[in-house]
Amino acid sequence: MNINYMAELLATVSERASRLVGLGPKPRPALARTDIAVLAADLVSHRGEASGVAIAAEILSRYAGLAPEERIRFLTGLVERFGPDEERVARAVEAWRRDPSPLAVSELHIAAEPLRQELLRRLNLAPGGTLALVRLRADVLELTADEPALKVLDTDLVHLFSSWFNRGFLVVRRIDWSTPANILEKLIAYEAVHEIDGWDDLRRRIEPTDRRCYAFFHPQLADEPLIFVEVALTAGIPEAVAPLLAPDRAPLPAKEATTAVFYSISNCQAGLAGISFGSFLIKQVVEELKRDLPQLAIFVTLSPAPGFARWLDQERNSDESPLTPAERQVLDALDSPGWHRDPAVAGRVEPVLKAAAARYYLEARTDRGRPVDPVARFHLGNGARLERIDHLGDVSARGLEQAYGLMVNYLYDLDRIEENHEAYAERKVVAASPAVRALLKRESSRELA
Amino acid sequence: MNINYMAELLATVSERASRLVGLGPKPRPALARTDIAVLAADLVSHRGEASGVAIAAEILSRYAGLAPEERIRFLTGLVERFGPDEERVARAVEAWRRDPSPLAVSELHIAAEPLRQELLRRLNLAPGGTLALVRLRADVLELTADEPALKVLDTDLVHLFSSWFNRGFLVVRRIDWSTPANILEKLIAYEAVHEIDGWDDLRRRIEPTDRRCYAFFHPQLADEPLIFVEVALTAGIPEAVAPLLAPDRAPLPAKEATTAVFYSISNCQAGLAGISFGSFLIKQVVEELKRDLPQLAIFVTLSPAPGFARWLDQERNSDESPLTPAERQVLDALDSPGWHRDPAVAGRVEPVLKAAAARYYLEARTDRGRPVDPVARFHLGNGARLERIDHLGDVSARGLEQAYGLMVNYLYDLDRIEENHEAYAERKVVAASPAVRALLKRESSRELA
Amino acid sequence: MNINYMAELLATVSERASRLVGLGPKPRPALARTDIAVLAADLVSHRGEASGVAIAAEILSRYAGLAPEERIRFLTGLVERFGPDEERVARAVEAWRRDPSPLAVSELHIAAEPLRQELLRRLNLAPGGTLALVRLRADVLELTADEPALKVLDTDLVHLFSSWFNRGFLVVRRIDWSTPANILEKLIAYEAVHEIDGWDDLRRRIEPTDRRCYAFFHPQLADEPLIFVEVALTAGIPEAVAPLLAPDRAPLPAKEATTAVFYSISNCQAGLAGISFGSFLIKQVVEELKRDLPQLAIFVTLSPAPGFARWLDQERNSDESPLTPAERQVLDALDSPGWHRDPAVAGRVEPVLKAAAARYYLEARTDRGRPVDPVARFHLGNGARLERIDHLGDVSARGLEQAYGLMVNYLYDLDRIEENHEAYAERKVVAASPAVRALLKRESSRELA
Amino acid sequence: MNINYMAELLATVSERASRLVGLGPKPRPALARTDIAVLAADLVSHRGEASGVAIAAEILSRYAGLAPEERIRFLTGLVERFGPDEERVARAVEAWRRDPSPLAVSELHIAAEPLRQELLRRLNLAPGGTLALVRLRADVLELTADEPALKVLDTDLVHLFSSWFNRGFLVVRRIDWSTPANILEKLIAYEAVHEIDGWDDLRRRIEPTDRRCYAFFHPQLADEPLIFVEVALTAGIPEAVAPLLAPDRAPLPAKEATTAVFYSISNCQAGLAGISFGSFLIKQVVEELKRDLPQLAIFVTLSPAPGFARWLDQERNSDESPLTPAERQVLDALDSPGWHRDPAVAGRVEPVLKAAAARYYLEARTDRGRPVDPVARFHLGNGARLERIDHLGDVSARGLEQAYGLMVNYLYDLDRIEENHEAYAERKVVAASPAVRALLKRESSRELA
C-alpha cells in the first residue's frame, strides 16, 4: 500500500491485461491494424506504460470513427472485459468478513475498482483525451436507456470526472466581445434557455455596458466552456424577459445599475451531466460582480417555470384540487390562443394564476418530497429564495406553452445562502419572500371563506 | 446510479456527516472558533455544499498552524471518523455474495469508498488547496512509519492524486534564464543529484546555448515544478560529470551538438512520491529536443550508481563472491583516501571495478528479482538500456562514497523503448549494450580460467 | 544640444505656450470649462508637463464630440497658432547663410519644427491617444481638399506616424477562428477587395486548413489591425477568384498545397494612408508560411486590374490606339451585358483582351512614367513580377465593370525581389513572365502584319 | 506633400543614396563582404526598401563588432555623408525668405532633415534594432566630449527617441519575485542609488509584503527596463535608509502601511539619457499604489543630497559665507573620521548642518537660477515639495562623503503637483514644508542676533 500502491497497482493491472490480450511473444501487428479492443487491453498492459500516448490517441481516434452500433459493442466490451479482478475481490471480501478493519475496507475498495478506471486514466494521455472522454460519456448516456449494463461504465466515468472536474480546478472567465470567436460560437450553440439568434444577437448579450457573461473553464479544455451564465445589469428586478433581450433597448451605464439579473444558465457538455457546477458559478460571479461594481445590491435570477403548465392542467382536471369553480372558469381563458394579449382577460387571470403558482412552488411536492419544478430545485438547493412571481414574464410560444407565460425571480443573498441551503437540504423548507408567502395566505384565507 | 450518482452520493455523505457533527439546531459558533475536526465534518455536510470554499480554506490554514503531534491527531481522526458507511458496506458485501454481477461489484466499490475521499475533494476548493494537500501527504508519509493506521489515508491520497495528476494534465515547460525567479529558486532548492550552488551556478546550467532544462507543471500549481530534468548538449557521450558543470567551460553552439545528456532528474514534491512522472518527462523532452534540434542523434543519461559501493563492499567481505584474491587485492586500494588521484592506482582499479559493475547491473538482483540499483530500476523500467560504465565519472566526496567514482550512461532509443520495457517488465531482462555485456563475458571467461 | 536638447526644447516650448495662453496668475477655470484651443496651449505649457495625461485626454474626448465645422476650426487653429517660433527660424536662417555647417543645418531643422509636433506627441499621453490621432488624421485627409492650409498639419502627422509606426515596431499576427471577435469584426468592416458577407463567410476565409490570414498590429493598437492579407493554399496558381471563395468547396489538406495565393490585401486605417506596410507584410508572411509549410514553392497574388476597363475604353475611343478594326469589332461584344456567359463570345474576346492587357501593363504609362494600374505599381514596386493574365478571373459586377473580368497574378520570388525592385525603381522596368511578354510580342508581330 | 509625402521622401532619399553609393550596374558583392559604410548607403537606397531587414541586421551586427576607433569613424561618416540635401535646403531657404508661409517653413523643416533620420529609422527594421540604436547612442554620448562634430548625430537620435519612447507607449509593470530572472539581474546591474548586493538582497527589496518595485518598459524592449523605482511601505516618513534595507527587519503587513517611500530611482539605459521618464513613473506608481492600497496617505521620497558636502566645504572655506565662527568650529568635527558615531558630536553638529542644508536647498542657486542639488532639481521639477531634512540619514561611506550623512524627503502630493511645478518652472519657486522653512528662519534670526 502507501507509496508503493501505485507501482503494485500498475503491476497487477498489467498482468491481468496481458492475460486479456493473450499476449504472446512479439511481433505484434502495427498499431494501425490492431483491433480497437486489443488496443484497449494493450493500453493497460506494459506496452501501454511505454507507448501510452500513441495507443491512447489511436483508440480515441478510432472510436470517433465508429458507427453507433460499433460504439455500443466497444463500450459493452469495456464493461465485460475490464471489470475488477474477481479473485482479488473474493479474497478482499473474505478478509473483511474476518476483520472489518480500516485496512480491510480499504483493500475492498481497491480490489473492487474495475480495470476500466485505469484504462480511462490512460486514455487521457492522448492529446485532446479529456474532451474525447467527455464526449464518450455523452454516448454512454445516450445509449444507457437501452443498455442498462452500461450504467456501471457511467459510474466509472462520473467517479473519474468528479475528481478531474473538481471545482477547485475550474476557472471562471468573463466572456465578452474580445473573446475568441471559436469560444463565442459555442455560446450560440449551447444557449439552452433563450436561444441566441446569430452573431448580432450574441453581441447584444455580451458587449453593452450593462451585460455580463461568465463561464467555467477547465485548464485542459481551454476552448470549451463547461457552463455559462448571462447577466443583465438593471435598475430593479425585472418582471419579463423580452425587454432584456430587445434589440433596440438603450443600455444602462454599469455604474448606475443596482441589480444583477441572471437570466440564463446553460450547460455546454452533455458528457458532464450530473457533475454540477451551476451553484458554484453563480456564487463566484456574484463575488466577481461585487468587486467590480460595489454598488450592486441585489442578485437575482429571472427564471422559467418549466413544469407549471403541466401541473396546473392536472389541477384543473382533478377533483381533488382546491381550485374553486370560479377560479376554474377564469382559467378556462388559458385555452383560447392569444388570451395574454387581451388586457382584460390577462388581468382577470393574473391573481388566480399567481395564487396557483404560489401553491406550485410552496406546497406541491415530488414523491421524494422536493418541489415539483426542476429549476426551483436547482436554485433552492443553492440556497436562493423564491422572491417574486412574474405574470406574463415570457410570452414566447415556449413560455406560454410550458408556464402560461409565468416566470419567477430567485434571490441570491450571500448572507442567507448557507442557512437557506441547510433548511432546504435537511428539512425541505422552501425559502420564499413574504410577498410570495402572502399569495399563498390569500389563497388559504379564500379557501376558508 | 448514472447521472444521479453524484447527487445521491452527496446526499448520503451529508447525512452521515450531519451525524458526525452531531448537528443540532442553529446557531453554530463562528468559523474561527470551531474545532478543526468539527470543521472537517461540516465540510462534508450540507453546510459544506453551501460554504465549501470558506470552510476548506479555514481547515487548511488551521492545519498549517498545527504542531506535529496535533497534526497526527487530526490525521488519525480522518482515518477513524471518515471511513466508509459500514452498514452500506455490509449490505453491498451481502448483495455481491448473492450475485457477483458488475452492478454489485460496482456498488461494493462505491460503498467501500471512505468519506475521506469526498472530504479531500472538498478541501481542494480552497485557494491553494491542491498544494496544501500535496504537503499534507508529505506529512502523512513522514508520520507513516510510526502510525501504520495512517496508511489507508495515504492510499486515499494516492488514489486522488493519481487522478488529479494524470499525466494528460501535466504540461512540460522549458526553464531558462527568462523563467520567473520564484520558480528558479525551487530548482536550487530541489536539485537532488548534483547540488546547485547559488544563482551563478544555476545560471550556468540554464542559460548557455548548450544547456536545457525542462519541468512538468500542473495547471493548478503554476509556480511549483513537479519534477525537472537538466540536459547538456554535447558532441559525444560524456564519461564524467565535472566537465559538464565546470564554471569556465566554453559552450558549444546548439547546432553543433549531436548528443543530449540527461545529467540530473529531481522530484520536487515529497507529497507526490510514488506518483511517477519521470519516465514521461524524459520521453517528452526527447521529442521536444528532436523538434528543435533535428540533428541530435543520441539521447543518453549520465547517472549515478548509488548502491554500487555498498554492494561491492559486501562482495569484498563475502566468501561467496566470485572475486579472485588478485582482484580483492586490487580493490583494497579503494580503502586509501585519494586513491583516484594516483593514475597508476586508478588504472589498476579500473578493469576490476568495471567488471564488478557489470555484474552489479546485469546479475545482482533484489528479492523481487529486479536490479539492485534503484536508478537502474528507474531507467530500465522506462525502456532505456545500460550503455556504458564510466570509471571516475564522479569523484566528488559523495560520488566516491556511494560508487567509488563510478557513473553510467543509459541510452534512450525511442524505437527500442517499448520492446526494452516489455522485456524488462515481463521477463526481467536488463537491456545492455554489447560493450557492457563484454565486460561481463570477460569476467565470466576469467572465472573459467 | 545633445543631452540637454530635450530639456531646452521643452523650456522653449513652454515659454512660447505660456504666451499663447496669455497665462496670467491663477486660478484658472476647471478643465471641463476651458476652451479646447486653450487646453491645447496648456498642454504644451508647463501645466502640460505636470498634468499632461488629464489635459490630453480632455482634448481628445472633447475633439471627438465636435461637429465637422468645429473640427475644421480646431485643426486650422493648430496650423495658425502652433507653428514654429518665427524669430528662431529667422535667426537660424541667418546663421546658416553665414556658415552652412552641420550644426547650423541641424539648428535650422529644429527651429523649423512646428510647436504642433510637441503638441501631437503630448496628445499621445492620453489613454487611447494613438488611435485618436490616427482618426484625427483621417479627418485631416477628408478635409484637406477644401482646406489646403491643413496640408502642413498632415505633413506633421505623417512625420510623426512614420516614426511611431516604424515597421520595426509592428508585429505580424495570424488571424484565425480563435482570434477575438472584436478584431474579426474589423476584417468584415475593412475588407476592401472581395467583400466579406457576414460571419459565416469570414469563417470560411480563416478556419479551413487551406486558408490563412495575417495582419500587422502596433503594440499600442492591440485590437486594431493596420493591414491584413488573406491567403489561400492551393495546388497551383488559380485563375479565378470565385472558386477560392465558393461556400461549398472542399478544403485541401495544408500539407498538400504547393502554392500560397494572396488574394486580398486591405488597409484598415484611413488615418495611416501613405504610411506603407503592405510590402513588408507580404514578405513577412511569405517567410512565415515557408517556415510552417516548407513544401510551399510558389507565392503569388490573384489581383484585380482596377484601371483596365477605363483604359481600354479610352483605347477603343481613340484613333491613335493600335487596335485594329477587327479587334475593335470583337471588343464591341463587351458592351452587351452578359457577354461573358456566352462561351463563344468569351472565347473570341479572350485573345484580344489579353493582348490589350499586356500592353496595359507593359507599355501604358502615367505622366511620371509608371504603369497605369495602381495595383501593378504596388506589387511591382515591391519587387514582384507580373506572372499571368487571367481571362474571366472575376465576373462579379464590379470585376466586369472595372476590368471586363480580367485578373492577374503577381509572383513573389524572394530571390528576385531585390533585383526586380531596383530595376523598377531606378529604370522603371516592369518585371513580367515570358508568357506575359509573349502576349505582347504576338501583338507586336500582328501590328507588323 | 500630404499623403504622398512619404513616397516622395523615399524617392528623394533613394536617389541621393544611389549617388552616395556610386551605384553602378549589378552585380554587387555579397552582403558579408561589403563595407559597413556602403551598407549604410545601401540601406537608404532602393536596395534598402527591398532588403531592409537583412541590411539593417548586417550593419548593426557589424557595428557591434567594431573597435572604439572604428566606431568613431563610422559615426563620423554618418554625420559627414548622411546630412540633408544641401541644394534642397538652399532652395527652401530662398523660398522662405520670399514668403515665410506655413508651407514654406514646413518645407524648410523637411529639407533640413538629415538623411541620417531615415537611415536610423531603417536600422530599426533589424530584429533587436531599437536596443542596438539605444546602445549606439550610449557610444555617441561617450565619444561626444572629444568629437563635437558628433553632437548633431546625438540631436538626431534624441529627436527619434523622443518619438519612439513617447511616454504614451511606455508600460508600467510591477517587478516582484515572480519576474523573470533576466529582468531581475538588470535591477542588480543598474541600481544606482543603494547598490543591490546579489540575489538575496534583491529578494529582500521586492518580495516582502511591504516592498514594491515598478519599472517602465517599452513594447519593443520587453526584457529591458528603462527606469525603475523601489518603494518601501511604512508606518511613517523614514529618516534614514539603513533600517529600510536591514536584512533582519520584520516586514509590515501592506494593509497597515500609511506611507509609500520612494527610496531609489535608477535609469537603466545610458543611451536614453535626457529622455526623461522619472517624473511620469513616480506619478503613475502613486496612482497604482492608491488603487491597490487605498489607505496610503503619504507619498514621499527618501533621497540623497549628492552636492551638499561639496557646497558646504566651499562655504566653510569662503569668507563670504554667513557661517559664524562658532558654527565653523562645530563643523570642524566633520573632518574627524567617525564623528557621526559619537552621539555628543553628532548632536552638536545637527542643528548647524540642518540650517546650512536649508540654505543649500532654498537659497543656493546655479548660474541659471536653479537649486544646486541635481536630485532637488528633478523632484522639484516634478512638482514635489521638500518635506524634511534628515540628519544621519545615510551613514554609508558614500553618504558621509557626499552629504555628511544628510538625506531629505520630497513629498508628492498629487493635488499640489501642478501648482508646485508651475511655480518652480516659471518663477523658480522652491516648494518646501514649513518645517524646512523654519530652519532657514531660525538661521536668519540668528544672523540678526
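The letters A, B, C and D name the chains in turn, as written, and every chain counts its residues from 1.
Criterion: contacts are C-beta pairs under 8 Å (C-beta built on N, C-alpha and C of every residue); 3 or more make two chains touch, one makes a residue touch a chain.
Fair warning: this is a prediction, and the values are worked out from it, not measured in the lab.
J.: Can you spot which option in C-D, A-B or B-D is basically A-C again, with over half of the contact pairs the same by residue number?
T.: B-D
J.: Please compute the C-alpha centroid of chain A, do the same for chain D, then give the distance between them in whole Å.
T.: Between these chains, centre-to-centre, one finds 59 Å.
J.: Centroid from C-alpha atoms only, then distance chain B to chain D, rounded to Å. What do you get?
T.: 51
J.: Could you work out how far the Cα centre of chain A sits from that of chain B, in whole Å?
T.: The computed centroid separation for chain A versus chain B comes out at 38 Å.
J.: At least two other chains touched by the same residue of chain C: list those residues.
T.: none
J.: Could you tell me which shape the graph of touching chains takes: line, ring, star, complete or other?
T.: Graph shape here is a ring: one loop, exactly two partners per chain.
J.: What pairs of chains are touching here?
T.: After working through each pair, the chains in contact turn out to be A-B, A-C, B-D, C-D.
J.: Using the touch definition from the top, list the residues of chain B that touch chain A in their complex.
T.: 1-7, 14, 18, 23, 26, 46-47, 49-51, 79-80, 83-84, 86, 89, 93, 96-97, 100, 102-103, 105-106, 108-110, 112-114, 121, 124-126, 129-130, 141, 144, 149, 151-152, 154-156, 158-160, 162-164, 166-169, 219-220, 273-276, 279, 382-383, 417-419, 421-422, 425-426
J.: Under the touch definition given earlier, write down the residues of chain A that touch chain C in their complex.
T.: Touching chain C from chain A are residues 177-184, 198-199, 203, 223.
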